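What follows is a single structure, written as structure tokens, with notes after it.
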Amino acid sequence: MPESLTHLDSAGRARMVDVGGKAVTHRVAVASGTVSMKPETLELITAGEIAKGDVLAAARIAGIMAAKKTGELIPLCHPLGLDSVTVELEPAGPGVLGITATASVTGKTGVEMEALTAVSVAALTVYDMCKAADKDMVVGDIRLEAKSGGRSGDYRRQPS
Amino acid sequence: MPESLTHLDSAGRARMVDVGGKAVTHRVAVASGTVSMKPETLELITAGEIAKGDVLAAARIAGIMAAKKTGELIPLCHPLGLDSVTVELEPAGPGVLGITATASVTGKTGVEMEALTAVSVAALTVYDMCKAADKDMVVGDIRLEAKSGGRSGDYRRQPS
Amino acid sequence: MPESLTHLDSAGRARMVDVGGKAVTHRVAVASGTVSMKPETLELITAGEIAKGDVLAAARIAGIMAAKKTGELIPLCHPLGLDSVTVELEPAGPGVLGITATASVTGKTGVEMEALTAVSVAALTVYDMCKAADKDMVVGDIRLEAKSGGRSGDYRRQPS
Amino acid sequence: MPESLTHLDSAGRARMVDVGGKAVTHRVAVASGTVSMKPETLELITAGEIAKGDVLAAARIAGIMAAKKTGELIPLCHPLGLDSVTVELEPAGPGVLGITATASVTGKTGVEMEALTAVSVAALTVYDMCKAADKDMVVGDIRLEAKSGGRSGDYRRQPS
Amino acid sequence: MPESLTHLDSAGRARMVDVGGKAVTHRVAVASGTVSMKPETLELITAGEIAKGDVLAAARIAGIMAAKKTGELIPLCHPLGLDSVTVELEPAGPGVLGITATASVTGKTGVEMEALTAVSVAALTVYDMCKAADKDMVVGDIRLEAKSGGRSGDYRRQPS
Amino acid sequence: MPESLTHLDSAGRARMVDVGGKAVTHRVAVASGTVSMKPETLELITAGEIAKGDVLAAARIAGIMAAKKTGELIPLCHPLGLDSVTVELEPAGPGVLGITATASVTGKTGVEMEALTAVSVAALTVYDMCKAADKDMVVGDIRLEAKSGGRSGDYRRQPS
């Protein structure tokens, strides 16, 4: 069966892939994304110590907590006992806030979705906390950067 | 107090804005986003009737269910009793799947975050269901298209 | 559009029905169901004061808590602020435990699903707590008994 | 202590059974159930390609997602990292939709409740999506068909 | 029926009180609590700007998010659409961190439990983040300080 | 790095500690707490068979269910597959209800927070169910009594 169909049984019905026979290994995934905004919005976030601390702290915590909810949000994801999650937010250019999340597990299935979910919800939290100042913000470039530990071999995104 | 600080009290502490004094009005928000992938991945999704039905159906349902969880995911969002949520997924070019979500409520606070969350989780579901075929997919351009019904007036995104 | 299609838009896509234009009324729904088991299993439940209290108390609480989660479990259900939920469990014959749940809300949409979910999860809780003694138990006859308060008029199940 | 009391301590208080000393084995459970309805309701579901796709797809996804929430719904269930869940829905006679769910885990405790919860929530989703056309639908015959992998030996339901 | 029995029906069964007939009013509740620890633990929290920001920021956000989950945690609480939640953490003496939470709603039932839940989970978060340094911390004095807006009149705790 | 900073990276940012390298061991934690109330409120709870059963049963179940939600409530807690949870409630003096919770896991991280969360939510449930009779109740003395099984050695609280 082509690999692209692994979530689908013979009649096209969604199912959660059976990982019962897969090896328990240490798996890590890194995902990234951005929130693009007016440069002055990013300055508001990074300038004032108070405001900065809170927007970034809230986004980081929201991202970590969301990673733990991945199996609840994504229909066919396996519920996982994560070993770790980190979420970093850093200015990545004028009006661009970069977000990187790393998740790891000792288990039978990868943690790409956990890392991607952490980035997405951290980004949405930034949007929520700054939308009164800037409704034009755009969340983008959410992608897998690297993963390791699975049967299909390590993956590292090629520079585009 | 500048509008950009409405989530922060005088010492920079996160808080949920008090909407107790705001009017109950009918509020609508529309958000959009994309999943960029190899053209053949999109063809896999849209070609086979079975596969198509399932990926898009799962993403749509995941987006709707996620909209209902917005207040649980985004720390300072108010819990809302939504009137409606719709999520549409349509090819928007070679290797680009477009996603649009519309949320509405009769309440004291807007539903931008609900629409944005629906788009984000629908996109992550597409990623999850197709990642075996294409790990390079990118979720992007998640943004508010329009909102109406709030005190601050209607908003419509300017073409960029 | 035929009433049976109200959850489907023109292309058959699932959506949450828009209740924005519906009237806020007081709505009540009653649902029922049964757990069939060996008569001695039911006796174990009802005999010992301690054991009885616990199985029935746990099922009752699980049913009430599940009613509050209905919008999270059923994809197209609206999230609701319930006014009340009650769950009753009573022997209804040899080896038959009857369950009745009543839910009410002051809102724009009915609470049938909340009452049915309360019955279902209360029944599953009975199964879980007694399955070591009786794996052959069957949960059945889960149905809407009555509803009132909606636009479509009151409903009362006809005796079959 | 009689097996039927394993959820109860000496004073009848509910507790989550300690599985700390149980072996980690591969465990599978199969559960089934039905939704009985007017034959024309079932035809509405199965006839139109669009409608069919969506009701069954939504129910299947809702069932899978609910299996992952079993530990949250059933008070004394252990939280589990499921290996797989599948939910099948097929016509099983005039006006009868059959539902079968299979769950598996590599763990210390069985997955009967996960399979039963998947069936129950899939059935409730069918009810929700069709109730505008047919309020008399009945969810029934929810039962364990088979389980394997536990200390107490394999179980297979006897034909009744 | 004596007021103390309002959660119990005639047979002592738990039920969610019916608030269908209660007036929608603006309701506010304030709760407080403490975390007692070694003075040097509190200094670790309050001294370093970075550490301080994070422990207190995490506890504040955890408290706000928990307030939104009150109806999910406390079996007989009504689900509520909160108007606001704030959580404050401030040193209240040597080795004592004081926590105060305020919740408000425009609804039919009070928000005492939401304020108390916010305090409790904020306190547990402080414990979690500092327990490597000080396992002897004690969470205490969690109590309602004041409430207003309900039928039973305003309440203000008497100094003890 | 001082042990007190283990949740903080070099820039003070919250993160979930990486337990990937920790040993899987059997871990147990015991926590306790109290609800102080008017002696007559405690008598109301313990006297009537019906009332007694329900308040304590509801609190016990709420505590067990909350233990399973610890990873969802406390931002930096790891999600865990618990082996067992028990919650006991017993009068501990005039107007004092004592609560003890024990949690265990076979895993890489301790279950202190699960035991403490169970105690806290059981206590809040008592408050909720009795608050109509006694708003002055105080939840207090929530603390870790003992833990075993971790790398840092066993812990037993010293009598104060």
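Labels A, B, C, D, E and F are assigned to the chains in the order they are written; within every chain, residues are numbered from 1.
Note that a contact is a pair of C-beta atoms (placed from the backbone, for glycine too) under 8 Å apart; a residue touches a chain by one contact, two chains touch by 3 or more.
Just so you know, these numbers come straight off a predicted model, no measurement behind them.
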item: Chains touching both chain C and chain F, listed by label; value: D, E
item: Starting at chain C, fewest touch steps before arriving at chain D; value: 1
item: Chain whose average C-alpha position is farthest from chain A's own; value: C
item: Selected pair, greater C-beta contact count between B-C and A-E; value: B-C
item: Length of the line joining the C-alpha centres of chain A and chain D, rounded to whole Å; value: 31
item: Where chain B and chain F are represented by their mean Cα positions, the distance between them in whole Å; value: 37
item: Multi-partner residues of chain D (each touching 2 or more other chains); value: 13-14, 53-54, 57-58, 61-62, 65, 69, 72, 75-76, 80-81
item: In contact (per the touch rule at the top): chain pairs; value: A-B, A-D, A-E, A-F, B-C, B-D, B-E, C-D, C-E, C-F, D-F, E-F
item: Of chain F, residues touching chain C in the complex; value: 53-54, 57-58, 61-62, 65
item: Sites on chain D touched by chain F in the complex; value: 9, 13-20, 71-72, 75-76, 78-81, 107-108
item: Residues on chain C engaged by chain E in the complex (per definition of touch); value: 26, 56-57, 60-61, 64-65, 68-69, 79-88, 104-106
item: Interfacial residue positions of chain D with respect to chain C in the complex; value: 2-8, 11-14, 33, 41, 44, 48-51, 53-54, 57-58, 61-62, 65-66, 69, 72-77, 112-113, 116-117, 120-121, 123-125, 127-144, 147, 155, 157-158
